[in-house]
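Take a look at these structures.
Each of the next two complexes has chain A plus one more chain, namely chain B in the first and chain C in the second.
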Partner chain A sequence: MEVRTTSYHLSIIFIQMKITKIFITLLLCATVISCSNDDNMVESLVGQTGDLIVKFDNGVGDQDLIFDVSYDKSSNESYKLTSVKYIVSNIELTKSDGSTFMYPEIENAFIVDEADANNAGEIYITLNDVPAGDYTKISFGVGIDQERFQKGADGQGNLLAEAQEKEMLWSWATGFRFIRLDGVYSDATVTDEALNIHMGSVGTSLDNYREVSLDAPNTVIVREASTPEVHIKADIAKVFDGQTSVLFADGYNQVHTDETTTPVIADNLMGIFMIHHVHNE
Partner chain B sequence: MQNIKIYIPTFLLFLIGYCGLASEPDPCNYNHEFMLLKPFCDLCGCATSSGSSGFGTLANSNFIGLRYTHQSFESKDGIFANSPSSHEYLNTYQLWAQIPITQKFYASASLPYQDLNRTFESGSANEALNGIGDASVVGWFKWQFYSNKENDSIPYPVTRPLSKHSIQIGVGAKLPTGEFEESLTDRVNPGFQVGTGSLDGIFSLGYNYGGDKIGFSSMLTYYLKGENKNDYRYGNQFNYSGNVYYKIPFTRSSLMPFVGVSGDSYQSIEQYEEAQADTDGRLLNGTFGTEYATGKFILGANAAIPISQDLFGGNVKASERLTIYVNFAL
Partner chain C sequence: MAILWSCDSDSPEISYTPTYLQVEQPANFPEIQYNLSNNPVTQEGFDLGKALFYDGKLSANNSIPCAFCHEQAFAFTHHGHTLSHGVNGGIGFRNSQPMQNLAYFSEFMWDGAASHLDLQPIIPLTSELEMGETLSNVVDKLKADTYYQSQFPLAFDDGEINSENILKALSQFMLMMVSSNSKYDKYVRNEEGVTLTEVELQGQNIFENKCSSCHATDLFTDQSYRNTGLPINAKLDDTGRFKVLENPEDLYKFKVPSLRNVEKTFPYMHDGRFATLTAVLNFYDSGMVDNGNVDESLKRSDGSFGISLTENEKVQLIAFLKTFTDNEFLNDTRFAEY
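== the complex of A and B ==
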């Protein structure tokens, strides 16, 4: 009787050990499976298109841009802004293999207006029907190039009406304002003097259109079912303290069509952009 | 089970006492616990204290129980130094158990229910997310050392007396039972998820010393994160913890306060096999708490307070974590 009980116990223990071994083995298998990297199937991208969102996020240095907040610049000058708008156009995407995609021309001009920003201070531009692919670079122009401008009102698509509404157009002869910063500035001698940076090309006589090319820190993956977001940070401080540091007191408080000051602002404007990060979906 | 009428008020009293103590500036009088289970979540600092096998008996204490954990984070909602914040509040209700298999082997399992909320300083609409989280299962081998000398005080020595030292080795997996929402990853705190959508490996090594009055328990755990369907992979995580506890026996119950540290370090998150900037980090917590055992019930409460942290490029800040649980010994 005792022997039978013992052997019964032993067999129970034996079964339990077996279960344990199976259990541990299963766990190990699960773990190993979880670690093995299944290579993604090579999917055909031919004919596939998707959307891409470009987010513009305006800041001043490491600070988010907020209207009516005073920001210091060089030479003990400071400024407050009440409107920040600029035009981007000719958005072109470059794939990792070097091939490029230029967004269709008629739609390829956008007004980035801080007043349109969401709660997080971001302004969205959505590009539709972008060929699926892995992009590593985005280029765009700041302002409107001469070729487009010379196509006249009919060649501007929706931009013309939008520019009129957002006061980004002088007379047709003078053309578009590429950037519009309105506010006030202060220095040692003046307080809250008017500040208006309305820079653009001047008809066809002065070309202030500039191009920007930005490398993405991560691959921008466009697929039919995945819409990447390219988050571009624009440092408005560099409009005044960029390639060239300008002084409001030297006439840069009112920049409109002057052939000396506008190219300086245009060159500075070119350098305000960087891709902060890319969010792939 | 009619005893439950006694246990519930006791538990409530305990809670009130705990809260009272928690508001005192002097936190010497505190409690912690030594369960092998962790929440296994991929949020910074969410991995709770680890520790020795169960309570009181210092042998394998097997149990089934319920645990509630509250943790909050403050995250920067934007890319600028003065970007507004978001606050994440994570409530986890967890069914957990430790089940014996043989004398030396046992398994632990947990199934969480997540209730997450996020508020935005910017005025964006609040977000709420809830559902079953990621279950985890770990198989454990416990290596109990034997005492060198024969213990004559035991009248019927069945085996050699156990020493006060033991080692546990655990291998397990976290299962993708919770839903992973890709759209949420664009936020600064990518931990705001019910689940990671990945199958992860869990590897643990624990050491315990259980003296008559004072014990020590420590655990090292490595989480090998798998890639989920969205080609998204949370960074591998290393967790360590060590706690000293003190046993206060009463006639029919006992109290076991503890104090210790726990910490995590995280590697960068990868998507499409590209590391994402500012997604690694580390967190060191001071922990304290207590367990109270009466009859078959074990009540526990503990808190973890960040000592130092650097999470997601400094864009996420972990706050205190509070945990309470009630276990029923099997």
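== the complex of A and C ==
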């Protein structure tokens, strides 16, 4: 918007210079005036806020994620899930000019729970009072970062209570589960054995928080009267077959606090997200 | 105008005008670990925390407050209980730890499962064996209670009854629980002309030679986790710190406990298996077993495990340990229920 307006003025300048030098003084005045008009426009955008909806859409490869449906993975293993939850925090939006907006910390942690999905399998997160602007990138953390965790209760509002209600807090210690996948798996030798991926950081001893940065395929236009929807697809298959392919038979059917297996899952988790499309109203 | 307006108002706002309290920093203690700037202690927050500590509403059946297992007269341990019983007849699997000087610690519980004081209460509160409650339920119960409706706005600027403020209030209460006025403290700080007896001084000498590498500083713990070669109780099969990180090197390791008020915190060890200090010292002298991961510092030159103590040394050590008893703290009415 800003760039277009500026080039428009430059072309005016160019044409008018061709006509006559006498107009230069007038032109400068005009430029000054139009510049200040310009500023007014930018200011009105800066003062303006709007909402932004982030939609999380869990899938498995090219299929929708449906509870209790069997999905194949690598090495002839398969799995069925009954719960899929993860924590997304520190959502930050980047404008086309590189400036960023970090959503306020106290509101900036969300539990994305497949059980809360609408019939289309989408879980909505609404960000309120986002500065109006044209955003091209969204980044967020998966889990809870150490800085936030080390504050204890401070600045966390009711997050701990909500996390506990969603069974995203360890019961035997104080820490968050960053992702929780529960279900069963089968392979050539076992059928419907327990599958529980409860990965998080372990106190301050093991940091499994990871950051994700996603480019938007088209600009996310936030205005007071325009609420864009950012549709993020999350490929749960990549939790097991991502950067590293893991085998349930090798112990990845039970991932809790182990310092070898949990970082592998955390790294894989980082790669499950992509922005599929953006709806602008 | 403004004054008239507020006088006319039917619902006067409860104003947040806290009285700030100072958390002690005794001269002979390590530095405070808790970040007080995130949660400054106020009289109002302390009062709220104390009310929560003594309130059964924090448990599922409304009858097991924190204080149930943490009685002041016994340095906030569960008097005489090896393990404690919670809601619905559940039995916990570790001995209730004393609550004192928590401001100077950075990790909590026998296995260090809580790395922030604010977060520690979540463990007993939500454990099915202890208080069996959820934070959300507690929030709902407190919101329906007129005392809490009026006390939260006095204690916190935002006045919210939520998990953040519940936990902060409990921390404020706990941060003030400082035990630093035992006979030993007054002796090392040269206060009130306090001296140790001959036998206590002999005990101190043994302690410094044989105990203080782990029971270090005037908190009497280096805050590390160690396996002391306790025979494994198969019924509990408590793997200790291993539960936190699943690291085989942590098998059967437990936090080196502070020895403050140790005379009053019986029974001893993580499962309360020893009823007396004599039993503890007998174990160190001759009861240790090699369970595969015993702390190297407990190895004797002949390869066996243990800390050799004569009967006389045990008596002298116990006399010294009893100088850690702080009657001012144990009887401090600020922390008492009534």
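Simple rule for what comes next: the second predicted complex is superposed on the first by the 232 of 281 C-alpha atoms of A that agree within 3 Å, B and C clash if a C-alpha of one lies under 4 Å from a C-alpha of the other, contacts with A are read in each partner's own complex, and residues count from 1 in each chain.
Basically, a contact is a pair of C-beta atoms (placed from the backbone, for glycine too) under 8 Å apart; a residue touches a chain by one contact, two chains touch by 3 or more.
Keep in mind that this is a model prediction, so the values were computed, not measured.
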Which superposed partner A:191 touches (first chain B, second chain C, both, neither): neither
Chain B versus chain C as contact partner of A:229, first or second or both or neither: first
Which of chain B and chain C A:279 touches, first, second, both or neither: first
First (chain B), second (chain C), both or neither touched by A:219: first
Chain B versus chain C as contact partner of A:244, first or second or both or neither: neither
First, second, both or neither for A:62, with chain B first and chain C second: first
First, second, both or neither for A:126, with chain B first and chain C second: neither
Partner chain in contact with A:154 - chain B first, chain C second, else both or neither: second
Doubly contacted residues of chain A, that is, touched by chain B and again by chain C: none
Chain B - residues contacting chain A, complex: 77-84, 101-102, 105, 107, 120, 122-124, 137-139, 171-173, 182-183, 185-186, 198-202, 224, 226-227, 230-231, 271-272, 274, 276-277
Interface residues, chain A side, partner chain B - complex: 13, 16-17, 19-20, 23-24, 27-28, 30-31, 33-35, 37, 40, 57, 59, 62-64, 66, 118-121, 217-219, 221, 229, 231, 233, 276-277, 279-281
Of chain A, residues touching chain C in the complex: 149-162, 164-165, 169-175, 202-206, 256-259
In the complex, chain C residues that touch chain A: 35, 38-39, 107, 109, 112-120, 122-123, 126-128, 134-136, 138-139, 160, 162-168, 171, 243-247
